[in-house]
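Some notes on the structure that comes next.
Just so it is clear, A, B, C and D label the chains in written order, and each chain counts residues from 1 on its own.
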Amino acid sequence: MSVDLTTSLGSLQLAAPTLTASGCAAAGKELAQFGDVSTLGAVVTKSIMMAPRSGRATPRMAETPSGMLNSIGLQGPGIESFLENDLAWLRANNVTTIVSIAGNNVDEFGELARILAKVEGVDGLEVNISCPNVESRGQVFACNPVSAAQVIETVRSVWHSDAPVLAKLSPDVTDIVEIAHSVVDAGVDGVSMINTLLGMVIDVDQMKPMLGGRTGGLSGPAIRPVAVRAIYQVHAALPHLPILGMGGIRTGHDALEFIAAGASAVSIGTVVFGDPGAPWRIANELGQELQSRGYNSLSEVVGLAHHN
Amino acid sequence: MQCTIRSISPVGNYLHLILDAPEVDEVAPGHFAAVAVGGIGGGMLLRRAFSIHKSTPGQTLEIIFAAHGQGTQWLATQSAGDVIDVIAPLGKPFVLPRQPISCVIVAGGYGAAPMELLARELRGRGCRVDVVLGAATQEKLFGVLDLKGVADSVIVTTDDGTSGVRGRVTDVLADVINKNKSQAVYACGPMPMLQAVAKVSQDNGAFSQCAVEESMACGIGVCMTCVLPVIGDDGVTRMSRSCVDGPVFRGDRVRWDDVHTVPSDAFGAPRPGGH
Amino acid sequence: MSVDLTTSLGSLQLAAPTLTASGCAAAGKELAQFGDVSTLGAVVTKSIMMAPRSGRATPRMAETPSGMLNSIGLQGPGIESFLENDLAWLRANNVTTIVSIAGNNVDEFGELARILAKVEGVDGLEVNISCPNVESRGQVFACNPVSAAQVIETVRSVWHSDAPVLAKLSPDVTDIVEIAHSVVDAGVDGVSMINTLLGMVIDVDQMKPMLGGRTGGLSGPAIRPVAVRAIYQVHAALPHLPILGMGGIRTGHDALEFIAAGASAVSIGTVVFGDPGAPWRIANELGQELQSRGYNSLSEVVGLAHHN
Amino acid sequence: MQCTIRSISPVGNYLHLILDAPEVDEVAPGHFAAVAVGGIGGGMLLRRAFSIHKSTPGQTLEIIFAAHGQGTQWLATQSAGDVIDVIAPLGKPFVLPRQPISCVIVAGGYGAAPMELLARELRGRGCRVDVVLGAATQEKLFGVLDLKGVADSVIVTTDDGTSGVRGRVTDVLADVINKNKSQAVYACGPMPMLQAVAKVSQDNGAFSQCAVEESMACGIGVCMTCVLPVIGDDGVTRMSRSCVDGPVFRGDRVRWDDVHTVPSDAFGAPRPGGH
């Protein structure tokens, strides 16, 4: 008898427990050569902004021990082209789709949500508040409970859709539970965590930061213990809040750690770069890990590490 | 794809890796392979990209690599019988001419790896093929003999004069183009070389195709790390992915001076006053 | 001609640029079989508390990708025994010694500083404010600019010694520059950064956190980009503040990154566990890295990555 | 110390590793070696600890290991000629009796690795040596034949009865002690086994020494991860480091029931109301 791996994020039922992480699978199309994208829990798209965006200067990445830094700078085609091309492809291929949005200011988030609430094929919204707020000296929205809540309230006010709204949290804060509380109070249906940690690599030949954007986001297995801790803390404080977990998941065993810490589903990010089939492989492995431990379903394990 | 190493052997300053690759069918010149490095418990997440040197469909895949940083150093410690994980073929290969035109192949260092395959394809289409191979020094030249066996002519340059003409490939390229009335130049090598080749080609009335080498995280088009400013058919500059839109680009379309920057007129570039 | 690797932390001149990181070399004695401890920049001792302390339950460590978690819980003999045995050994062996102190509350820090100010052989004081404040619901001192400053002011008020006082900062904060400013205003002579990041590993067989202390501190090369970023930020804001850098340094090349980011010297921590000779090896490698790039001294490279 | 692998070969469920170790002099039974794992660009920072099985001073070092997690799995992929980094000998070995007394050696699984060396030392001192070797199943037994060649008697137990007596080592230990009037018991194996051995020994009037296996980060006494509650000569329980104060401890001094905890009467234990 096989394990029931179906799960949910608020009102969104997911046929599989592994999703792609925003920015690590573009809008799904390129992964199609490695597996059937419609069988994933969902594709979480690269964060889309209102206008087309060129991103930052290169180099945009540096490999680091068990991780990498990126400073892509949200390169993307803008919402219009996204709807016409990317979302259309996802719909045509029956892919469960969570659209990630990013704004330069609170209004832009609202504008994006307003547009997306009206179109078909958006099964969930991930609000990437881990980007800099140009109106507030570049401080990241997710690093401040007030600005984080403002974004969510604005999105919520125009989100006339049943699809869940998730806030994507940054680990670069003194107290992630405080931020979680503030976005919950502002009306999110769940949280995605964690985004990357701010990091830097220095090119000691050129004696300057290696990345074009100077700092970048640290991701990959290196940060996994930070992700597990953050999810554990937030689940302890808000046990009913659906959590989409991510941060360095490489195997089904890793995924099980996230589920046990309190995540209802997981996104696979950086590991996809080295192993494009990882989202499917990890779902299989997770099934085996559960089965070998005698569990019948994923859902019975969500948050289980809190009870022992 | 799990590939068993058939052999790994030094050629000059490089290593020649022959892999069992039963799952790989047709490979075109300019395609690349992405190799996972580091093994069990390894700390290196990203694959290393290498031009495909040769392949026998359904049987083998060959690459030529320099043991450079950590990942390629690890690869150099592998031996026959070891198994490595490879994704191939990837990328857009060189575009081959429909007519039997006169072509020049220009390569720097291990940039010559895909060029024997290319030369054979071009010759197979009736093209004239002249070759210019360059490197810093003799040990860093690759493929001279093999290309001599295929091409109509081969000129070698080295920066230090240890082999062939002392100097750069671009010191002789204009002559080669003019002498042979070459219409197309195919190039692979370091970025500054490609930039110079693109310019010399254009100045001498030849069309160029350059296989660029940009740092890649995914190699499959999902991460946006490997971009460079390329002018599209519509005249608009976009930050294009060298892994799926390239690695081969038209030399006259890459904005060489602006590589590693986002030109202010690029699609989606930051505007004064914020985005 | 060899490179001048001497450096300083405030008033303290160091003969070599590599130190041991607190908690990663006990009080130096055990390393003596692997090299001459007196030739190190300094030994930074395991954080000492007033009373003997048993530390936390085991397991106390978990290996993680390119890093490890620890929850030692400051096991130590207490200040009295430390002076009699550990400090005596360090003095007898002519070891430059920076004593790391930790308190359960502000007064304990003051008490420790008062005692240490009177004894010979203390060449510097590292104030480990990255430990929980039992008077403030266990919040870590270093996570709050006010409590961080309170500790430093208290220490400073009794520190009648020329030896520099360094505050050891935690990266688990929204804005590390704010904390650095507050300890500078409170009178530190320099900062040590970074301490570990809070992390967790879950034992999915026992379905509970793997460590006896549940959470632990993440260290090792995995966190290096976070350390470099933190040092870069603090040096940018406070260019004259001496910084003792640490966090995943494994090679002279890594050490050079820290120096270029703004550290005047570096501590070697977790990497010592796998390579007990690392502090000496890394000093040598650093010399070679500098020489091969044409530098004559370490000091000319401090903060150099800010100028390009 | 860089050690070239002379050979690596399976023995039952384990691997037997013979290393060139010209820098290692005397090794005493109970000493351990700490092996770096993962190689170039590896993500594993910590060494793996293994009892030293045998050594020829100035020449070789041998260990017996189970390919278990990531690090030992990596080690299992190494082959003759490969070079690994080793620190040895480490730890406090078994304390040998001054008198030619009657001894029992008890080992579980790869815990038998150091026991042939120990048996030889004891026999060399004129001691009687009886051995009890146990494992879950036959393939997990180690050293039976070798110990038969040295010891006065060898009894084997397996949990599943695939070899020797079905049951645990402690099922037969009391008999062995009583029959041979053993004064000292030397044990190495899983912690629950050691706990039972310590108890049976004490109950039957024998003194025991147990080589414990605690998770270690440094292996050299600087990190404080490998502690367990051990009663000192002064009667005070301290969280002692198994890497430098052990791995061999007197069985009657380890607070077996309290392993993995900090007993409330331990030196420096938290007091009610905070530290």
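Convention: a contact is a pair of C-beta atoms (placed from the backbone, for glycine too) under 8 Å apart; a residue touches a chain by one contact, two chains touch by 3 or more.
Bear in mind that the values here come from a model prediction, so they are computed numbers and not experimental data.
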item	value
Least step count from chain A to chain C, where 1 means the two chains touch	1
Chain centre separation (chain B, chain C; CA means) in Å	46
CA centroid of chain B to CA centroid of chain D, Å	55
Distance from chain B to chain A - Cα centre to Cα centre, in angstrom	35
Shared interface positions of chain A, touching two or more other chains	65-67, 220-221
Chain D residues counted as touching two or more neighbouring chains	43-44, 71
Contact graph of the chains (line, ring, star, complete, other)	complete
For the chain B and chain A complex, residues of the former touching the latter	36, 43-47, 71, 87, 214-215, 217-228, 238-239, 244, 259-262, 266-270, 274-275
In the complex with chain B, residue positions of chain A that touch it	23-26, 30-31, 33-34, 46, 49, 51-61, 63, 65-68, 70, 72, 75-78, 104, 134, 212, 220-221, 270-276
List of chain A residues in touch with chain D within their complex	65-66, 221
Residues of chain B that touch chain C when the two form their complex	43
Contacting residues of chain A [partner chain C, same complex]	62, 64-67, 69, 143-144, 172-175, 197-202, 204-209, 215-216, 218, 220-226, 228-229, 232, 248, 250, 253, 256-257, 260-261, 289, 293, 301, 304-305, 307-308
